[in-house]
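Have a look at these structures, which come just after this line.
The following pair of complexes shares a single chain, chain A, combined with chain B in the former and chain C in the latter.
Moving on, here comes the complex of A and B:
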């Protein structure tokens, strides 16, 4: 029944009759963003038929039939970072979210350990890449008011307002210590 | 292979139609938009168990369809999507329609504006059926971490799956199949025929992964072609609005409607975008198809390897040049993604404090206490975990060691692609996922980070390098679930990429699929 899904005019490609897909797309044909000299192994394509005998193997010779790399073993990684109680407190104050329990701390320890795999890559002299659009000036519009006068709409999203103000509790009070924080009376998420 | 695979309920006449066909039917008066909309609404009701939608905008849809009918009757449709039912992932802002990101922290949030992509769909007369489910803030790869509950894969309810599955163990609903994620709701909505196209978002594969698991086409265009304005951000330097459709032609049609410079998103490309139609007769001779060897990652299922191999053969037999290529930094790509993603998440999630919108805690002793309590109550453990990890990587003493290091590795990964495409390769052919969709009980045996590491392993590098990528269904697995392959193209060569994908889609299934593909019926 899938055939009924194929657009009416779809057909097998006919020799010579087709419109080649080359030259499609929009914008510049080259990707100008990346100018650092590469490090690491050069990606040299191995072309089909380049060597005698290969042609008979079919694409099976090109699609690897077994994994070409293996996940790293723990002993290959840098020493595991301990997440200290001081670090937990520091992060909770910065992020204004809490670890909730030991499992949360364990999750961070695993996330750090996973990130440590990056240190196996040689990045000597490699320029950091912020954005794939680094080759161009990003658009900035003219600094003029184009819309506004929507205070009521914006305030309508807040659960507490007074006149035209959002309402916050007293400021400049540091987050209490962890033990005291636990008495927030926070509720579980069940809505 | 690659033909549009659909799974649907009943025998609704709209279930086998593509956008181009339905547009013609609408314009010729064979069907009205209202009729189409009603059929989709009743399908949404029938397939409620999939949990694809968070909000169904029934009244709005009926009204929009009636307006589309008036225009169609006058012979003045607004564009190719006029009168066509669509759905939008619930992390795109929609004016006057609740937008939740599947998180408690945005409960009740009604955006005052439409995301640019939503506005463009509406300007073209598309009929909005509703907002679709996702992993909370799009952080996940199974759509199992939504405050509204997980999304179920329509294929888990198909005859093809059930016939095979029930023989081995006769369970009813205890062990259903995940939709993939994070745009699982959008994928399930398209696969269950409740809409003709859906918007997802794609930061590390969140459109392509569920599209692959649900047997539909999932397309992530080149970074900067489609505006992100109004898409609640996850990773600004990688987020791309994704397109989920039943076939490659439809993806191209939707791209034509959405793409183009947006003054409200400085990261959209300023060159004018010309919408294109894909040719029906495609010549792939002289085309170079690269097979990146590192994409045979640990854990790739033998069925996917077989499909991948057959697809490569198919291209070669049709006269394309098939090459093995190397993207040597691939094993580190998912690690680089992990650091950059958590860092940007830590920054992006700072805006949710309970004061201006969304959930607000009752803890009022100080501003900081309110913030912390609101965020504790509002975010799930996955979001909190990523915020904490991101803050760790961004600490003064860790910034160079992790964040800058990941940015350096990002360049190496991008350079790998530059080298391969510079050597004359036009399009890369790779797997989309490691296997077919897991059952829910199997999926949740590992935590969210581990699953994302596995599921995004061959998709996120296209985001890191800003390249266009599309997943196309190939066949059904032994378990009766969809298998798909991915094509990755050169930056801004989206048309070439989609043309190759369309050629692949046109090939008969016997050449690649080891199963006869037929229309799945929901049971």
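Moving on, here comes the complex of A and C:
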């Protein structure tokens, strides 16, 4: 699905580059860049314990009334990441998935390039936001037993059960070695 | 070719070395290069080829200790925490990672971590964060563990411990190890490997139990230091009540990061020895691993950055085949948990529900006396040796036992100590009992020591009484003395009679004494004691014999 979002020509909003907001449909077919408020970098409200109403007003003021974007040339992006066989092997082991063929690898390379444009966003002095919940209170539970004792229900979803145990394959099944994989001859590919 | 790689690496001594040493990410390497001969990446220590082969290697040991928090329910769910329950009975939907479940943090676990942090002289982070650490294993159904990697609950602490030194291990040296951080995290489930049927049985009862991970800096140099540090940590946790500390039940698990280097040189490549479940094995595993690494390096080979397991039967460490290659845990912020905010008296908000507040100052006030403070108090109050205070603290309940005995007897505390260490502990070890399981109550020992102190029984008879008391429950020391006629023989006439017969039966010794060799008198005293089953009052016997022979 995401591949359809990849623009034919990379587009990037640059301050003062003169690409104004464009009305109309911004669907996947016409998607061309990253939306950005007209007044430069958005400042994320970081104050804690302020009144909710105030915060809401502040946040509303930062939301642009109309979408904006700017064209981005390929040369503005960071250097294209080379997807090495070692990297593929590493990712396949981590994810326990097989990229299967050259097309899959190219898709990955494009996905990385797609994400690369985020490097161009000016985040100087902006603290990273982990979660939209980060200025909320973390609820603390009293140390009481309120759950459990439902082995039967839990095990009813298991494909295989021995007594009251789930049954799993022994240890982790590693992916077969590169040379042993039939579907995709890594040594033959040209990247 | 292993050999050719080694040769290549030794030729690379001129390469400049950048040092990476990151404990949290489980990565430590001094440098890495691609070896053109065998395409594998080698982590190696650059060694000066021109240095003499005679070298003085030093072990570098850092520990990661996982302590199960002693709480009723799990870290993020309300299921019961208990050892050896029926499989999968203590599992909530969250523990089984069913979709749609969310973690809810247990306040008691936070308090436990803060108290542990305070006891280890840490700085408590008023704002700490949770992260996800990813890895695939069947007993980790979510595919990740919630932990605190970036900003843990406590940092920069110090653990002080006593190391037994000297020939008879009767001297102690005070040592310390820096605590890098203390983090809250989830335990995993348990895997039971059934090799015969080629399957693994999964029990999730332990999945989600709260753990305190204590990460120490590599400040130790040998197994004994590490074991002593772990024992002290165990005592502290037990004293605080934040962890029961039973290593056999896995409530306290230790991973050791071990490397060797030559003083002044950068640290060597480290190997990690995982899941050691006793202090004794920890010491053995570390010492074996240090020796192994020295031998490998002396042979001109390289140390692999790998995970090893300790085989207690052979006393060796062996590579673990389970995890291959470098781990990449793909840490990311836990999106379902906002930051954990901890308060102190100064920052305490006035309008917050007190059930939602963890207050550092309040926890500090509730903290029980720490083992080190208790030891100092014992030494000062009873005028006993530091070594003895360490022994008293090393067994759960022994210190209380000692104090009760000492408070209820006329005997000197030092005498009480020697009885407790030599007789009482010996009895417990022989019968494989803990102090609390002992049928022998402290007041019974007080009574026995009183009898000894008052001169009613000799010290050897007292030991007999002790043995009898261990056998028969419920009988007091004085009852046994009466029944077995173990009381001190102080009857002058009777003793004179016994001495007389001993003199008559040992003419050779008597003539020696008459020649002026009074040392032989001890032999006669011994004979009298033998005849009286060691019940004769020693001073009386000596006086009678001297009178009769002079």
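In the analysis below, the second predicted complex is superposed on the first by the 105 of 191 C-alpha atoms of A that agree within 3 Å, B and C clash if a C-alpha of one lies under 4 Å from a C-alpha of the other, contacts with A are read in each partner's own complex, and residues count from 1 in each chain.
Convention: contacts are C-beta pairs under 8 Å (C-beta built on N, C-alpha and C of every residue); 3 or more make two chains touch, one makes a residue touch a chain.
Because the structure is predicted, anything quoted here is derived from the model rather than measured.
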Is A:149 touching anything from chain B or chain C once the two structures are fitted on A? First, second, both or neither.
second
Once chain A of both complexes is superposed, is A:97 in touch with chain B (first), chain C (second), both, or neither?
first
Is A:169 contacted by the first partner chain B, the second partner chain C, both or neither?
both
Using the superposition on chain A described above, determine whether A:141 touches chain B (first), chain C (second), both, or neither.
both
Now for A:85: first (chain B), second (chain C), both, or neither, which partner does it touch?
neither
The chain contacting more residues of chain A, comparing chain B with chain C, is B
Which holds for A:130: it touches chain B only (first), chain C only (second), both, or neither?
both
Could you pull out which residues of chain A sit against chain B in one structure and against chain C in the other?
90, 94, 96, 130-131, 133, 136, 138-141, 150, 154, 166-171, 174
Residue numbers on chain A that touch chain C, as the complex places them:
90, 93-94, 96, 130-131, 133-151, 154-155, 162-172, 174
Per the touch rule, the chain A residues reaching chain B in their complex are 1-28, 31, 33-34, 36, 38-48, 58-60, 62-71, 87, 90-92, 94-100, 103-104, 107-108, 110-112, 114-115, 117-121, 123, 126-133, 136, 138-141, 150, 153-154, 156-160, 166-171, 173-176, 181, 184-187, 189, 191
Touching chain A in the complex, chain C uses residues 71-73, 77-80, 86-96, 98, 104-110, 129, 134, 136-138, 191-195, 198-204, 322-325, 328, 330, 333, 335-341, 355-356, 358
